[in-house]
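Chain lettering (A, B and C) follows the sequence in which the chains are written, and residue indices restart at 1 in each chain.
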Amino acid sequence: MMSPCNHESLLSVAGLSVSYGGKALVLSGIDLSVGKGEIVAILGANGAGKTTLIRAISGLLKLHGGAILAGQIKIGADDTTRLAPETIVRLGLGQVPEGRLVFKNLTVEENLDVGAAVLPREKGRRTMAAVYHLFPRLAERRTQLAGLMSGGEQQMLALGRALASSPRLILVDELSLGLAPLIVRDIYAQFKTIRSEFGTSMLIVEQNARLALDVSERAYVLERGEVVLSGLSADVATSARIHESYLGVQAEASHG
Amino acid sequence: MLSQFIFSGLALGSIYGLVALGFTVIYKATQVFNFAQGMLMVCGAYFAVTASIHLGLPFPLTIAFILVGAGILGIAIYFLLIKPLGGQALLPMIMITIALSIILRAVIELIYGGAPLTLRLPLPSGVFVLGDVRISQLHVTAAVVSWLCMLLFIVFFRRSRAGLLMRATADGYEAAVLSGIRVDRINAAAWAIGTMLAAIGGVFLCQLQLVSVELENIGLLALPAVVIGGLQSVPGAILGGLLVGLIEQLASGYISPKARDIFIYVPLLLILFIRPWGLFGQKELGRV
Amino acid sequence: MITTGKTRLRAVFIGTLLGLGACVADAMAFESPQDGVYTDRIDWGMTADMSGPASAAQAPWGHGFQTAIKAINEKGGVNGRKINVLTEDTRYDATVERVAYDKFVSQTPTLGTSGMGNSSAQTALVPLIKRNKLPVIGTYTTAKVAIDPPTPYFYGGFCGFKEMAQVGIGFFTDHLKLQSPKVALVHLDVASGKEYSSYVEAAVTARGGTVKSIPIKVVAADATPQVLEILAMKPDYVAIHGVPTTAILVIKAMKQYGIDVPAFAITYLGTPGVYENLGPDAGKNYYFVSCFSPASSDPKAAAEMAAAADKAGFGPLKDDINFVAGWVVGTTVAQAIAKVGAEPTREKLADMLNAGFTANTSGLSSELKYTAADHEGLHGLKPLNYDYSAKAFKSYGDYKDFDKYLK
């Protein structure tokens, strides 16, 4: 297995254990890292703990009644293990949450404005322009209420809002959920552009393993709260284990 | 006669609308159905008493004192009560606000005594005569100031960055948090604004009558106003307030004072049956 | 506590001995603890809403009562005994009123009690007052059922609604030289408001006039609808029943609509607070009828009360008719106890009042007289208003001048 040592580490998670309401561990001893400029995928079946991991990183666990029991999370040089989410955002973390939480009663432009609000005004304007450039569809629908847009457009908007804060790293949780394959592919196609234009690293949670492995350099596979497999995406893709228990089923489902 | 009722109804309704708007701001931000809104209004009247009578401040400083006092009160309520106890179901939160109003009433009675007080602020008190219609200048002032405050709030809410973040927070708490919004500050600001709007209403009501904790009963007319107008709707609160003021005057004038309650609460029930989201509220935008 | 028969016997024996000893030592020192009477003091109950919704009016009343008793105690008390007032704050709650009353009957027995300013509590307590034989002397309000017919042991202490209506209507009809007065009556839509309305109607009809009864709510935000009715009716004068806010809203709205006729209110609304709120412009046409004289309306009669009020720290209250009413009841109670003699009991106190008792209220009220047939006490009233330039209440004659209107 190859190590990511050729990348400077942007996110590092070490020995992370999490539970909700003090019950059984949902994550136990997770080690994970994302390097600067890297796109990393997290794969795993329903209930494996992917979303929980994302929440732990972004500081949202408490809101959902969970807590970090052990381990450390660092973004760059900062220990963010116990920081509040709004502080973590200011350290350069953007998030596209599960279930595309856009502000439904705000217009597209206002949604992006909120995302850019953590930046100085001038810089905010520039990143918004870049987002519109990346997703012309959002520019067309600038004044439309977000709640009235299609699912794919909302997902685009959620991604755009995360990018508007000009993050160093974005977490994307199940972007494909409930979307037509075509639009999913459209959005995924932009990931590499995002990395090159915004200089953003990405941690992508995805059940559609084939899609995720295509776009990412490295991948981790979670099973019942533990990392059972990790390595270069190409290697993971060829791993027999994935083929049998996971990739096959998912690939069929998403093309079916 | 009719035009007279309409004028005084609109004047009173503007005050109700102002208090109701304060209620809606708080409700939108923190989902707290604030039964203490009437008492917050009363606090405004007593801030005026402290500033004007006890401290002997000139009128402009009295206004500043009321606004700052109300703002601090709202922020204190948020951080001491709503935030620590927050996130609970609607009913416990309602109980908390009822307890709050009882506590505020007791504190006021302890500090100021139970007896109503007279406060004379240098507001116009004469009468405009327009043909048959006679309009109290105090009514006009109350209406004009209320409308200015409401306008100011709408501009703030729609046009400023802080207003945008407030709307975003009201729209979705989790999304707000992960967009980096400092939700506590926004919520505290919402409580401050809600309390300030109520306090301004209280200042006018105590000029129309006495400074007394019993004014709470009038302040609580803001509740049917917001339910009729739509809990989540800013224009709904304002228009609901106007509607309640008009209904009050017309029903008391043409039928009897008792009829007022029927004409306010029967439409309220009808609205809850037919359009639970209120006349001007909107059904939540569907999730895709 | 559990006592055996033997120890109880011993206690009774010792008690009797001690009692005998005391009698031998001082044959004059009468005691009757079950009546609240001790060698050196008499316990007297007082209930008022000192901090609740009616405290604006009743707290001054309570202070007036306490100030009167304090002044009497400072002069040596009554027949060598100090009067010890047991105050209960009833917060305008009928159930609290009942508990306080029971307490004065037997737990901490008192010779009598005053106040009871909650007419629904009074109405409910009438049967108990008859049975428990605890004199209730000088109530802040007088429920009709309590005095008509007279309830034994119950003696009122405030101006009656019927007399307010008769004197108010009589005076204004004559004062404005009206043949058949047109009167607008604004009143609360509660029991006492309807009662008052019926008295006003009777008084106006007796003068061949017409009356329009206009209800208003206790928690009204505005009196525009009521005043527009007044405007449409064009009355000769207006009568007002309600709480202070009622008077303020009605008078201010009358001013707004340019209705320039006099208005008179019930006694309770004749407070300096209402006049202060109305201001000279609106207040000059506002009158009230009262069986009590605010200090400034008759400084000579009020001299003693004013001095005592200043001394007790209630100086600003002496122009409040509620304070005056409390003072009058306090002095009346003291005089009644004094008249009963050195060995007062509840029974003797009531008998004495029924035999006929007139209090000396030194002109601070109209004649206060109880007989077996009349337990109301006060009947006469006079109209008053406030002279803003002199900063003093002004009365329009003597109480006696208006007795002719009483039926």
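Rule of thumb we're sticking to: a contact is a pair of C-beta atoms (placed from the backbone, for glycine too) under 8 Å apart; a residue touches a chain by one contact, two chains touch by 3 or more.
Treat the numbers as computed from the prediction; the structure is a model and nothing was measured.
Participant: As a teaching exercise, work out the groups of chains that remain connected by touching when chain B is ignored.
Facilitator: Drop chain B and the rest splits as A | C.
Participant: Taking the mean of each chain's Cα atoms, which chain ends up nearest the overall Cα mean?
Facilitator: Measuring from the global C-alpha mean, the nearest chain centre belongs to B.
Participant: For chain A and chain B, what's the span in angstrom between their mean Cα positions?
Facilitator: 42
Participant: Return the distance between the CA-based centres of chain A and chain C, expressed in whole Å.
Facilitator: It comes to 77 Å between the two C-alpha centres.
Participant: Just the number, please: Cα centre separation of chain B and chain C in whole Å.
Facilitator: Here the centre of chain C sits 39 Å away from the centre of chain B.
Participant: Contact residues on chain B for chain C in the complex?
Facilitator: Residues of chain B touching chain C: 1, 4-5, 8, 12, 109, 113-118, 120, 125, 127, 129, 134-136, 205, 208-210, 212, 214, 217-218, 221, 248-249, 252-254, 256-258, 260.
Participant: Which bits of chain B are touching chain A when the two form their complex?
Facilitator: It comes out as residues 161, 164-165, 167-168, 171-183, 284-288.
Participant: Please output the residues of chain A touching chain B within their complex, sorted ascending.
Facilitator: The touching residues are 58, 60, 63, 85-86, 89-90, 95, 97, 101-106, 110-111, 113-115, 117-118, 145, 147-151, 154, 161, 165.
Participant: Which chain C residues qualify as touching chain B in the complex?
Facilitator: Against chain B, the touching part of chain C is residues 50-53, 55-56, 59-60, 189, 215-217, 219-222, 224-226, 228-229, 232, 244-245, 248-249, 252-253, 255-258, 273, 276-277, 279.
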